[in-house]
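Once you scroll down, you'll see the structures, which are given as structure tokens.
Both complexes shown next keep subunit A, but they swap its partner, so subunit B is in the first and subunit C is in the second.
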Partner chain A sequence: MDWQFIFSQALTQAIGPTMLVYALGAIGLNLQFGYTGLLNFGQAAFAAMGAYGLALSVVAWGLPFWWGIVIGLAAACVMALLLGIPTLRLRADYLAIVTIAAAEIVRRLARATVWSDTTGGSDGMRGFSEPFFELIPWDREATWTFLFVSMDGGRLAVDFGIFELQYSYRDTWIMVVGWALVLLITGVMALLIHSPWGRVLKGIREDEEAVRSLGKNVFAYKMQALVMGGIIGAVAGFLFALSRANVQPDTFTTDFTFYFYVVLILGGAARIFGPVLGAALFWFLYNILSQGLSQAIRAEVIPPSVLDATQVGPLVFLLLGLGMVLLLIFRPQGLIGNRKELMFDVR
Partner chain B sequence: MSDKEKAGKAAATAALAGVPAEPGAPKQDAILSATGVRRAFGGLVAVDVEHLEVQRGTITALIGPNGAGKTTFFNLVTGFDRPSRGEWDFDGRAAHRMRSYQVARAGMVRTFQLTKALTRMSVLDNMLIGAADQIGERMWAGLVPGVWKKQEAANRERAMELLERFKLVDKREHYAGELSGGQRKLLEMARALMLNPKMIMLDEPMAGVNPALKQSLLEHIKDLREDGMTVLFVEHDMDMVHEIADWVAVMAAGQLITEGTPDQISADQRVIDAYLGAHHDAAQH
Partner chain C sequence: MLLSAALAGLLLCLGVSSSATAQEALGVHGTLDDQQDQPVAGVSITVTDAAGTEIATVVTAEDGTWAVPLEAEGDYVVVLDESTLPEGLVVRNCKPRLEVEITSDRTALFPLDAQTDGCTPGESPTAGGESPSSDAGEEPGGEPSSESEDEAAEDAAADEVSEVEGEGGATRAISLLVSGLHFGLMIALAAVGLSMVFGTTGLTNFAHGDLVTFGGVMALLFNVTLGLPVWVAAIAAVVLGAAFGWAQDWGLWSPLRRRGTGLVSMMIISIGVALLIRNATLFFIGGERLRYSDYVGQRPWDFGWLVVTPKEVVTGAIALAVCILVGLALVYTRLGKATRAVADNPSLAASTGIDVNKVVRLVWTIGGALAAMSGVFLSISDGVKFDMGQHLLLLVFAAVVLGGLGTAFGAFVGAMLIGVFVQMSTLVVAPELKYVGALAVLIIIMLTRPQGILGRRERIG
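The block that comes next holds the complex of A and B.
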């Protein structure tokens, strides 16, 4: 078994494009769930708003790329308002029910055959990502080396001696933009959370009636958190669509939302860097288990009678689920959460 | 009794002198004046108060047996519940259409029967969140610390003064969830003061507080009057009512049955009937 390869692969993924999508989606959830206590079970739909907003604008309506971005963000904003207006005055669980249902409605609409000429139905759409990759400031011939980082024919390689991380020409661009967005949004979050505005959100999470009795318009704050978190979800959707160069309705199932929750809880909810660390760890573990098991089967360390290659996928999720249960028992605060906070009864 | 307290008590007594001991009695200078307030839950009429005025600058107790509708009445006037009908003015403004947060902004701040400390926030943050008109509570301003830092520093100073007064200053960095029940009551009261209220509504401030802390809580409530605030509180404990209330309003079965000074109320047969049931002496007849 090639441990070096397995680790290199897993590390490559742990800071790669998919991890960035999870990180962004979870940052949005962190604002909603971690800080404000809003149970948004429809983050996948907010990502879909971004992804489909962009794809429809560019492919179906022939609008410029940047219009697609604006439309995607606006769509997420409108969806947050539509979901929030009827539910945010009610108890927290109503939002959970409505968002999970709305997310399914969005996905079903996207794969509906009625307008499949426009949306591509269950096949989705492609051909909207070219303008994004045309922005890459280096060309496909770019070759240079700086310390342990090198570029060879437009591809990025990071050589740590034992491990080598490699990214394709396009993935490298996704990572540049994705990491810039993650850092920018994390910075904005840090400012907001440590401001009086963030303090009100945390107060609402603890007890919204108390905050109301102190003269704060709780509904407006919850709406702001829902919209902001949804917009960040749409940004995750852009990155997701661009990294795959397509949109497909069935990638926006509730599983997608729950991965965001796993990432958030793994990293530590209500912590600024929780989603980023959680995404890196989640995607590292997923990849090292998948790669490790596949390699072990190929090298016949695990005999085919015990496990065959097609069973690796389900087994990995089973193991991750088990890990999640153990985490909640032994370290419910996540990687960087504050255990002390969890010891109080919230209500 | 300190001089300040004597003066406060005397002023309140003078303001209430000559007010007849009857339900709905008009006051010289009512900060809260409610008329025809009714709240029905289906067929059950929880509150049906014809008229009630609360004199400015006094401590008024709202008493009554369990289920009399005291807390429901509290919820109505503070905007936490909607009445079936009824109108009330607070400090000269119609307040019956206001939402709870607008009521608080207008200067009527309440506490809760089950204390609502924000448990996973520090004691100091619990205080700071109470401050009114914070620039940094607007989302966009929150992004620019320079805009709100100065106001925050002033609020922090005020919060520290109040924590000092309520003897919580050593706990400022602790989570509110670490405080005892009595300390949470103190914190809730101190937090309400961060808003600079004109009137403060205390829902069973003594519930679950140990006797040692009770006395200090009583003093704090008297201080509110001495600082020019009006206090309306719900209470069961008649001893406490006697000790601090300038005026008492009695509710039973949703209605205001009588009003008066604590002495008048203790002697009132209707109150005894309401508490013990009208037929408690039936055996004698």
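The block that comes next holds the complex of A and C.
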């Protein structure tokens, strides 16, 4: 068993491109669920709006890359409005059911063969990410070393002595952009949440009627939170699509949303850095478990009769599901959350 | 192999598409390209027939092409030997093994890339020494990549009918109506439990779909593993389903209620439970669709105006009888009345001396049993799959919301309407979009009449 390799891999992923996607999605969810108390179970659909908005604009309609970004954001906005108008006046669980249904509609429409000439059906689309990677400011031959960070032929390597993190040319760019976005968005979120607007959101979460009696338009505030969270979800979708250089309908399942929730709750809902911390921890745990188990099987520490390689994935997700249940029962505030802030109820 | 898919989530081109030029020649061929569209040479590809006899092993040419001529039509397995791939390349969708049905000269595609698209490699029977780093950045989850076949299989249940006839719109409509009623009854079995749990505890249980799967899997255990007849296995599964429902309330939900855990937290806990059950199922039975030993390819009764399989009639009749029994019990028995009282107003019910926790326990037990029954019946028609319940769950939600959240009778009516709607909509839309219609109905109901058909306004507040 190569523990060094396992830890290096887990650490690499813990701050890597996929983690950033989950962090961004969970930040959007944090605004909706953590601060406003909206149960959006369709965050995957918002990410799909971003990803498909970008891919369709560039591939199918031949628009420039930046137009694709704008269209993706607009699509997420429209979706939030469509979902919000009927449900935000109702009880919280109605929004939950409607968003989960809408997410499934989006996924099934995206994979439908009816218009697969345009959307690629279940194969999805690719070939929209080149303009993004052309923006990389360093060239493929870039080679330098600065303390323990080095770049070799466009690849970034961070050597901590015991562990070494390595990222490919493209992943490095995704991470630069992704971390910049995460920091920017958390910064804006921090300002918003500590503004009067943010206090109204928290008030809505705690007691909608009280806020309404103060003369606030609760519906409008909820809608703003839903739209903004959805837009952040779309940004996560862009990053997701770009990091894989393709979009595929079956990646935007309800499970995708559920993992956003795991990330959010793990880190701590209603905390600015909760989602980021949660995403890092989630990916660290996920990779250490799956890598560790795979290595253990390969090294025959675990005999194949007990666990074969195909069962590692389900086992890891089983453990993560169990972890989620136990976390919510015994530590609903996650790592850095405040327990009192998560006592709100369906009304 | 399908299992790997399950983890991964991506259905990347099942790799097979009919070749456009309809040649008389039979065979399978393709071109291997890497992610930069450069041809990949020297990779060995083996074609075996359905019986496992090797037909030929070829090596890709300089331009990446390969072809295997075949003698007869039928099902073949095309396997790409990953150990012969150049350093750093893997099959992106982790499917180095394709099952293809050959009726003409077909193309088999293996998308190659520097890394997998999130599936877990190393799980196909042939995959041997792929680099350990290839599964590092793996995506959690999602659907099995077998889904297209899978949803095709789901649809097949409905399409069977249409294929049988093809002509005669009215006949087809009748057949679809009947299969819709059957499907509706299956949804109703699951929906009654979900709705009653919601009514009595306020919990929207996202793990209810997995109780359906649980029933199907338990019957599979008794039927296939222990070799009991299907009907015995079905009864055992329903009993175990009841026990599972009881145990869930006893071990999880009831303590949570005592602790005063919020409904939102409970709802998210139920998501965790759903992930837990689903992945446990995947862990034990794998990602493939499994069938019971009996009643698989049953010969349908053909009445001329209606084609229906006996199993559909029997399971439908039992489901209907059970639904009626539950309805009668709710109206006439003491416990049924108590249940409705708790659903109406738990505090008031408690103050009149009803043991609310006992009623809730009963509701969970019955809900678990009915869900398991639904799972068994659905599996008799379509086979067991680890995510069958997850797909049903949204339709169950649609039914429950349509009927009115928290009302048992509403759930039944909603379920029948949704079932018929789903099947009948295939007259107008493509079968793959039939669920979309049902879910759209759900959203429209929310917009216009959020309390549902039989619900009351004050519940939705």
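The criterion applied here is as follows: the second predicted complex is superposed on the first by the 339 of 347 C-alpha atoms of A that agree within 3 Å, B and C clash if a C-alpha of one lies under 4 Å from a C-alpha of the other, contacts with A are read in each partner's own complex, and residues count from 1 in each chain.
Assume contacts are C-beta pairs under 8 Å (C-beta built on N, C-alpha and C of every residue); 3 or more make two chains touch, one makes a residue touch a chain.
What you see is a predicted model; the values in this text were computed from it and never measured.
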*After the subunit A overlay, clash or fit between subunit B and subunit C?*
fit
*Once the shared chain is lined up, is A:116 touching subunit B (first), subunit C (second), both, or neither of them?*
neither
*asked:* Just checking: does A:150 make contact with subunit B only, subunit C only, both, or neither of them? Give me first, second, both or neither.
replied: neither
*Please indicate which partner A:198 is in contact with in the superposed arrangement: first for subunit B, second for subunit C, both, or neither.*
first
*In the superposed arrangement, which partner chain does A:215 touch: subunit B (first), subunit C (second), both, or neither?*
first
_Looking at A:207 after the superposition, I want to know if it touches subunit B, subunit C, both of them or none. Which is it: first, second, both, neither?_
first
*Report the partner of subunit A that touches more of its residues: subunit B or subunit C.*
C
*Look at the superposition and give the distance in whole angstrom between the closest pair of CA atoms, one from subunit B and one from subunit C.*
10
*asked:* I'd like to check the shared interface: which positions of subunit A are touched by both subunit B and subunit C across the two complexes?
replied: 343-346
*asked:* Taking the touch rule as given, give the residues of subunit B at its contact with subunit A in the complex, in rising order.
replied: 78, 80, 99-102, 104-105, 109-112, 116-121, 125, 128-130, 132, 134-139, 141-145, 148, 152, 175, 177-178, 191-192, 194-195
*Residues of subunit A touching subunit C in their complex?*
5, 9, 12-13, 16-18, 37, 39, 83, 85-87, 90-94, 96-98, 100-102, 104-105, 108-109, 111-114, 122-124, 168, 244, 246, 248, 250-251, 253-256, 258-259, 261-262, 265, 286-287, 290-291, 294-295, 298, 309-315, 317-318, 320-322, 324-325, 328-329, 332, 342-347
*Across the complex, what residues on subunit A touch subunit B?*
188, 191-192, 195-200, 202-203, 205-207, 209-218, 224, 228, 340-341, 343-346
_If we count contacts the way the header does, which residues on subunit C are in touch with subunit A in the complex?_
3-4, 6-13, 114, 117-118, 120, 122-123, 132-133, 135-143, 145, 147-148, 202, 204, 252, 256, 261-265, 267-269, 271-276, 278-280, 282-283, 286, 390, 394, 397-398, 401, 405, 430, 432-433, 435-436, 439-440, 442-443, 446-447, 450, 460-461
